[in-house]
Every structure is written in C-alpha cells, then in structure tokens.
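First chain A sits with chain B, and in the next complex the same chain sits with chain C.
Moving on, here comes the complex of A and B:
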C-alpha cells in the first residue's frame, strides 16, 4: 500500500516535470527542429545521411546504410549484446545431463508420433504456413537495402517461424529442425560473419568495417557497390544471430531450460 | 481548457502520450509487487522511449527514409498534418522535390559509373533516419534483455516458489536469521 502511494507521488512529480519540458519542444513534425536539422553552425548528421548516403553506398534504404555502414561498429556490438543475452539465458536456465529428463523426452517423442488429435488442425496449418513465413523472412533480409527490412527484422521473422512450430506441435518438433547445437553455432557464425567483414577490410589495409576497401574482393566498379554488398553480408550475419537467439530464448524459457516438452 | 488543449496538448500530442505511457510503466515498476508485472512495466517504459524517438524524427509531409530506386527522392506528399502550425513558419520553401530526375534514361549510366553527383535530395521530404536506426536495434536488444529478465524470474521462482517481492524478501530474511 505504502509503495503505491510512494509510486503515485514519484510518478506525478516526474510526469509533471516531463510534461512541463514538453512545452519547450520544437513543434511536432517540424523539419527544421534541432533533432532533424541541427542547430545553426552545426548541421544534423541526419542531413548528411539523407543527402549523401546514396552516393556513398548505392543503398536506397537510408536506415540500412546508416545501420550497417556508418554505424556498423555500433550494430556489431548490438549483435554481440543479443548473443550475450542468449548465452546468459543458457547459463541461467539450461539443465543438462538429467537422466529423468531424457526419459521424459523419449516419452514425449512417442506421444508426438502417436498423434495428438487436438493439434491436427493447428499442426497442419502451421506446416503449410511455415515455409511461406521463412521465405518472407529471407526476402526481408535479402531486400533490406531496397525496402523496409534487414537483418534484425528478417531474423526475428525467421526465429518466429521456428517458435510457431514449437507452439503448434511441440518443442521437440522445432528442435528437430534447429537443434540446440545448431542454433548455438548459428548465433556464433552470425557474429563471426560480421566481424569477418571488418577484419577483411583491415587485412586490405583500411579501417575496421570500412567496406569500401573490399572492392577487390567483390570486383565492383567502385567502393560504393562494395559497401552495398558488404552491407548485405553483414545483415545476413545479424539475421543468423537474431534467428538463433530468438529461438534459444523461447526454447529455454518454455521448457525451464530442459529443452523438452515446451509449453 | 479548450485553449490549453489547443495550444499545449494538440501540437505536442505524441510527446504527451509518450510521457503518459512512460509514467504508466514507471508506476508499474515501483508499485507492483509481482516481478512479472514489473517486467511488463519495464516493457511499457521501453515502448514509450521508442515512441519518443520516432516522434522526434517525424517531418510533416515527409515520407519514409527510403529513396527511389536510383537515389531519387520520393514524390512530395500533398497531405500535411497540423496545417495551422506551419503558418507560423515562414520557411515553406519545400514544396516539391527538386526535379533532378528529368528522365529515367540515365539509370543505365548510374549503374556503370557508380557515382551520382547530380542527385539532389530534399531533406525536408524524407523522415529523419537516425531515430529509426537507433530504435530498430533497441527493439531487438529489448526483446533479448527481456528474455534474460524472464530467465532470472524463472530461476527466482524455482528457488523461492513465488514471484511476489514481499514473499521473497521474507524468505530471504527468514533464511538469514536461521543461518
């Protein structure tokens, strides 16, 4: 009770201060606000991205070019954060080598092959829908620099396609398609791909993640297309990690770290 | 009151909503006793921040930060929100995009020569890409960290048999006085 009173007072004070601050904000939708255009003497970097990013990288989607190229270092470590979160869940929850569980797992496998009548409609629908979801996920990844999309979004959709299998049938059905060993590998490979692009640029005598230096590898006309291709490669790495970790989070949480039965 | 709404709430509606959503989340974080409800509060808080960032990048009449296929800026939108606000600003110079793409016949040349110096994009017609970039990663990282939080909650439940904060604290105190 006391905590509710205290919370209400704290929230009321903080909220009124923030709302008071709001009245000094630039108008909503103002293209010349400091966030959108910068202040006199110091132009916002977003103007540079809007005007120059296509010339620099040949990528029409400005969000992708900023994400994977100009802010590539940041995005790489965002991916590492996701990987670390997956590993943290593994470390907190995962129970390995419990004989009781392996017995339960076998029993569960049996009940699946014997057929669970309640799941026939859902299971059939999911079996038809999942390939479409996965194809769409790959499109979102591959087309990320021409339309809305990219590694994070496509990875989440791809991860969701495995989660939907686990929900409709059971966790083992999903784990048979993407086993624990494979999703951990996939997560690590994703980061490795990302870092490899950075190190390759270093090997070719440029800065870490300076994709323009990869021009001789991609055999493009200029550094711009090399940057465009590298962005696609980097996005694929991100998609690998995000797919694996999204599924790992679900699998471990739903089975209390035992990776059997699921919900 | 109506005047206050017109002057202070309507032009900043998104910002008001973000503050209100954020305070709902903050209230849940402080006042709720159940750890899962606290996590829900944390997620609501996060959503408010995302709304705030995306609202900052909005430009009236602008479109998504994706250029046309060869770097052309997209067509200007006729529809503008909050028409009355713009009247106060003299700078309405941005009517339509600079007509740089007189003909599409140049796109072959664009591709072979890898530079497009004559492209001019009017930044007023394209939403600010930076908040989108920042929030894109924030959303996915938010999901991953929420997963960690749920894993910790599961561990706590396994240990204490409860997710209620006061019960957990009592349990800890009891075990401390025992040992």
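Moving on, here comes the complex of A and C:
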C-alpha cells in the first residue's frame, strides 16, 4: 500500500514536470516550429527531407527514405533489438528436455487428428485465409517504399500468419512449417541481409550503408535508383527477422519454452 | 581503411553474433573461437582508432555518406574523450570471453550459443553507445545493450537471478524512457538530433537555451542516465541483478555498464548542453555534488553491512558511481574533477573486473560465496588471492595502483572547487574500503576458526553453476589468465597515469570553459 502511495507521488511529480515544460512548446501544428522548419540560423533537417529526399532516393515515401536510408543505421539496430529480444527470450524460457518423449505426448494429445470437429472448421478456414494473409504481407514488404508499410509491418503480418496456424491447429503444425532451427537462422539471415548492403558499399569504397555506391551492382542510371532498390533489400531483411522473432516469441511463450502443444 | 574503423567496431561483434546464430546450435565449441575472433578485431580496431585520434585528431564517420547538412544522417565520432574507453571496453570484453570458457561446461550446453550471441550483442551495444554522436542513435544502442543484459542476468539458474532481472527490466525501461522523453523535448525545441548540431543551436540561440523545455529535457536525460548507472537514490536494482547473475555476466556488466552510463552523462554534459550552460546558467552543481557525497557514504556503509562477497562489491560500485558523478560535477576551473572522473572510468573498470573475476573464481572453484567462506584462501589459492589483494588495494587507493591516482585527481578537483564535503567523503570511503578488505584478508589469511581445511561439508547456499563431469571442467587458466592480466593492468594504469591523464586533458583543455581559465 505504501509503495503505491510513493509510486503515485513519483508519477505525479514526473507528470507535472513534463507539463510545466509544455508552456514553452511551439504551437501545435505550427509549420515554423523548430522541428518542422528548423531554428533560424541553422539548416533544417525536416525541410531537407521534404525537399530533397525524392531527388536523393527516388522514393516517394519520405518516411521510408528517412528510416531505411538517411537513418538506416538506427533501423539496423532496431532490427538487432528485435533479434536480441528473441535471443533473450529463448535463453530464458527455452526448456531443453527429452524431445522424443515430449513429441510423442504431443501427438497423443493432438485433438486435430483425433476428430475434434470444431477444430476442423477453424482449421479449414485458416488454411484458406493464410495464403491471403501471406500474400498481403509480401505486398506490404515489397511496396513499403511507395506506400505505408515496410519490413516491420510486413514481417509482423507474416509472423501472424504462422501464429494463426498454431492457434487453429496446434504449435507442432506451425513448427513443421517454421522449425526452431529455422527461425533462429532466419532471424540471423535477416540482419545479415541488412548489414550486407552496408558492407557491400564499404567494399566498393564508400561508407557503411551508402547505398548510392551500389550503383554498379544494380546497374542503374544513377545512385538514386540504387538507393531505392537497396531500401527494398533491407526491408526484406527486416521482414525476415521480424517474421522469425514474432513467431518464435509466440511459440516460446505459449508453450512455456517446451515448444510442444501450445495454447 | 582507417576511416572505416568506427563502423568496423560495431560490425565485428554483430557478425560474430549472427554467425553463432547460424551455426552455433550444432556444436557449442565453435562459439568461443568466433566470439574471441570478432572481439579481437574490435580490440585492434579500437587501438588503431585511438592511435589515429591522438595523432590526427577526432574521427568523424557519417553512415551512408549523409554528411551535409549536419543531422540528416547518423554521425559517429571517436575523439580523445572516448578513444581510451573503447580500448577499455574491448580489453574487458576479450578478458571476460576467456573467463566465459568455464560457463561452457554447464549442465546443458544447448543454451551456450544464446549466451554468446547475447554477449556479443551487448559488446556491440556498448561500442555503439561510446561512438554515437547522435542523441537518438544513442538511445537505440542503449536499448540493445539493456535488452541483452536483461537476458544475460536472467540466464543464471537461480530464481533470485530471474527476479532481479525482472526488477532491472522495470528500472532500466523507466531510465531509457526518461532519456527518450528528454531527447523528444530537445528535438521539439531545436529540431535536430545530432549532438554537435544541438550544441551549436543552443549556443547561438540563448532564448532557446534558457527555455523551460530545454531545462526539463536536461533533467529527464540526466535522471534517465542516473537510473542506468545506479546513482544513489536510484541504485535499487543493481546489487541483486549483479550478484545473482552468472559469474561471467557479472564480470562483464559490473565493470562496464555503470561506467558507460557515466561516460554518456559526461558526453551529454560536454557535447550536447555544454559545460557553461550547465555550470553557469543552471548552477546545480552543488546539489549534485551533495547527492554524490550521500551516494559515496551510503554505498560504503551498505557495503560494510554485507556478508556475501559479490553483494559487497556491488555496493562498492554504488559508491564508485558517486565518485565519478561527483567528480564530473565539481565544476572546478581546471576541470580536474572531470579529469579524475574520466580516468576513474578506466581505473574502476579494471579494479571492478579484477575483484569480480576473483569473486567468480572463488564461487566456481571453492564455492565460497560469503566472506566467511574465504578462510584459508591464501593457502588454497595464493595466486588468485594475490590478484584479489591488488584489486582491493586499488579500491582502497594505495599507490602505485590506479585507484590511488584517480582519487588523487578527484581530490585535487574537490580542493580546487572548494567542495570539502566531497573530499571528506572520498577519504571516509577509502577508510571504509580499507576496513572491508583488511577484514577479508584477515579471514582469508588466519581464518575464523581452526582450519579444518579441504572439506566441502557445508552446502552452498544457492549453487549457481555446479562443476560438471571432470573431463568437461574448464581449464584453470581460463580464470587465471584474465585475472592476472587485469591485476597487471591495474598496476600499469597506475604507473602510467601521467600519459593517460595527459591524453584525457588534450580533450578537456580544448573546451572553452577550461581554455578561458588557463
């Protein structure tokens, strides 16, 4: 009880300090605020992005060009954060036991094969829906640099398609499609793809993640289209990692690290 | 080639981790060579970078080549402030990798590759934090290093370790969110995330620098970092998290995590807000120094009350963090306090590593967790105990160890600034350390009761890792090699304190606040 009182006081103090600073903020939606137009006397980052990003990258979606190119280094490490979260969860939760025994037990309790008719209805529906979900996920990944979307969103949708299989049938059905070995590998390969675009630029004599230097590889007219293609490439890498970790975290949490049966 | 070093520093551990992710599950024995190889690359990279920085000046690296206007891309920077720290991180990482060999012989080896993946990603996070010159990029890498350290702490088989890790998750998340809130406020008022850019904008626009929003941004960033470094009132998560985690994890986290946070604080003070703004306009340095005084005294007294070796060392870390925060905020004219704090980051990393390695060896070889278990240790393990004594003497501050010289510079700063309470706290804390460690020496040398010797009759309280079958037992050198290397480093760092401090001063003397006083 006492701790709750202290917590409330701490929250109230933090909140009031934050609110106290609000009076100095620029007006909401002000096009001339520092974040939108920069501070007088120094160049504005936001205006640069708005005016120059299409010329630099030929990507109409400014968010993607900032995320995957200008600040691509941050995004790579955001992907590493996801990878690290997955690894931490496996390291803590995964129970390594006698595999044959648990697998046999799981097969015994597999209600799907034992004629549970409710599951048949759900399972059939899911089987029809999953390809559509996955197709849409691929669209979101592939079209990320032209419309809202990208690797993170597409990866989550793709991961959800595996989770829905696990929910409708059982965890083993989903693990047959994406096994433990493969999801750890897939997650690592995703970041590997991302970093490879950066390293290739280094090999060609430019800085890390300077996609413009990849022009000879993509055989494009100028560095702009090379940047555009590379953004698609790194989005695919992000999607790999996010898909694998999304599903893997579900699988480990749902089965308490046993990787059998699930919810 | 040299200009690519900043990227190589973070990429080498990243590729090590990915490679282990791809092939590590097959045979856990491939993990150690991969980890060692990738960390060696970083180690030599860090040395090459330092050499370059001290001969040719700071290295700026713009990821993706987005250089102008400043702030559109990510800016990495190695200068005299962080070049030495990079070497320190790389050295600790390589030494702890050797120490971690013993973890491989654990009950089940199926999780070994996860340990190495997390360990390498943690190294990556620390290197990235150190070279980041972008306020948001710093946050991303704080996330990487925090997440991996939560995982590493919880990996131990003890239940209290899991609970401590959960506590740490909560506190760490609050700290990181505070930092992010502060950066958000700063972005709202300046429109930039690049540290150098923010510094210029605050310097040339006094009305922005004086605004409430910037002050609040500073408070939130500072408190966020304080939580991460376990500064006194916010230290609650640290002792359990470090003492219940597996030994190799503790050996890596204890010397580095808090020290990196101190570095981040100093970096934010110097490179983002500017010392003139903090010391002259805000004028809170007295308050912070008093907080540091309380931290030092509380940490030392709490350490005195502990019976477990690792717990005691953890509370000493709380006191040491007080040293560094107090030193950084002394605001004396020649910045000798800041010099002492920066030197102490290196010195404390070496001392803490030495003591935690020794404590880890006590637990693993002799199952000695409590101070009273150490009796007869001088006879059982004379060399390990000798290294422990060197670490302890450095902690107390006996010349020629590095602990003496860092205290010397800190006290000089305290005297110059007229902060007598800080000088007093340092001396009292040294005395308490002397009492603490000489009590341990006495028990280890003479013992409490007549020596019964080699029996292991009493049950260990919470066995962290039991030695497995003897053919899988880790080689003795894996513990001794890093321990002795650290002991030598402590003494060398002390003897060569002059050159090291001169390197640190090259950075500080360029700051306008010092240049005007010289």
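Keep in mind that, in the parts below, the second predicted complex is superposed on the first by the 250 of 263 C-alpha atoms of A that agree within 3 Å, B and C clash if a C-alpha of one lies under 4 Å from a C-alpha of the other, contacts with A are read in each partner's own complex, and residues count from 1 in each chain.
Rule of thumb we're sticking to: a contact is a pair of C-beta atoms (placed from the backbone, for glycine too) under 8 Å apart; a residue touches a chain by one contact, two chains touch by 3 or more.
Values in this document were obtained by computation on a predicted structure and should not be read as measured data.
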Label the relationship between chain B and chain C on chain A in the superposed model as either fit or clash. fit
So after the superposition, what angle do chain B and chain C open up at chain A's Cα centre, nearest 10 degrees? 80
If we overlay the two complexes on their shared chain A, which of chain B and chain C does A:208 touch? Say first, second, both or neither. second
Report for A:36: first if it touches chain B alone, second if chain C alone, otherwise both or neither. both
Tell me the contact category for A:127 with respect to chain B and chain C: first, second, both or neither. neither
With the two complexes superposed on chain A, say which partner A:199 touches: chain B (first), chain C (second), both, or neither. second
Given the touch rule stated above, what does A:6 touch, chain B (first), chain C (second), both, or neither? first
Go through the superposed model and pick first if A:152 touches only chain B, second if only chain C, both, or neither. first
Touched partner set for A:61, first chain B, second chain C, both or neither: first
Using the superposition on chain A described above, determine whether A:176 touches chain B (first), chain C (second), both, or neither. neither
Minimal inter-chain CA distance - chain C and chain B, angstrom: 5
Could you list which residues of chain A make contact with chain B in one structure and with chain C in the other? 18, 22-23, 25, 33, 35-37, 44-46, 49, 71, 74, 78, 81, 85, 88-89, 92
Quick one: in the complex, what on chain C touches chain A? 4, 7, 11, 14-15, 17-19, 21-22, 25, 61-66, 69-74, 108, 110-111, 114-115, 117-118, 121, 124, 128, 134, 136-137, 140-141, 143-144, 147-148, 150-152, 154-155, 162, 181, 185, 187-193, 197, 200-201, 204-205, 208, 211-213, 215-217, 219-220
For a test of understanding, state which residues of chain B touch chain A in their complex under the given definition. 8, 11-16, 19-20, 22-23, 26-27, 30-31, 33, 55-60, 62, 64-71, 81-82, 85, 89, 91, 94, 112-117, 119-121, 123-124, 126, 128-133, 136-137, 139-141, 143-145, 147-148, 150-152, 154-155, 158
In the complex, go through chain A and note every residue touching chain B. 3-4, 6-8, 10-11, 14-15, 18-19, 22-23, 25, 27-33, 35-37, 44-47, 49-51, 54-55, 58, 60-63, 66-67, 71, 74-75, 78, 81-82, 85-86, 88-89, 92-93, 146-148, 150, 152-153, 155-156, 220-222, 224-225, 242, 245-246, 249, 252-253, 256-257
Quick check: in the complex, which residue numbers of chain A touch chain C? 17-18, 20-26, 33-46, 48-49, 69-74, 77-78, 80-81, 83-85, 87-92, 94, 96, 181, 184-185, 187-189, 191-192, 195, 198-199, 202, 206-213
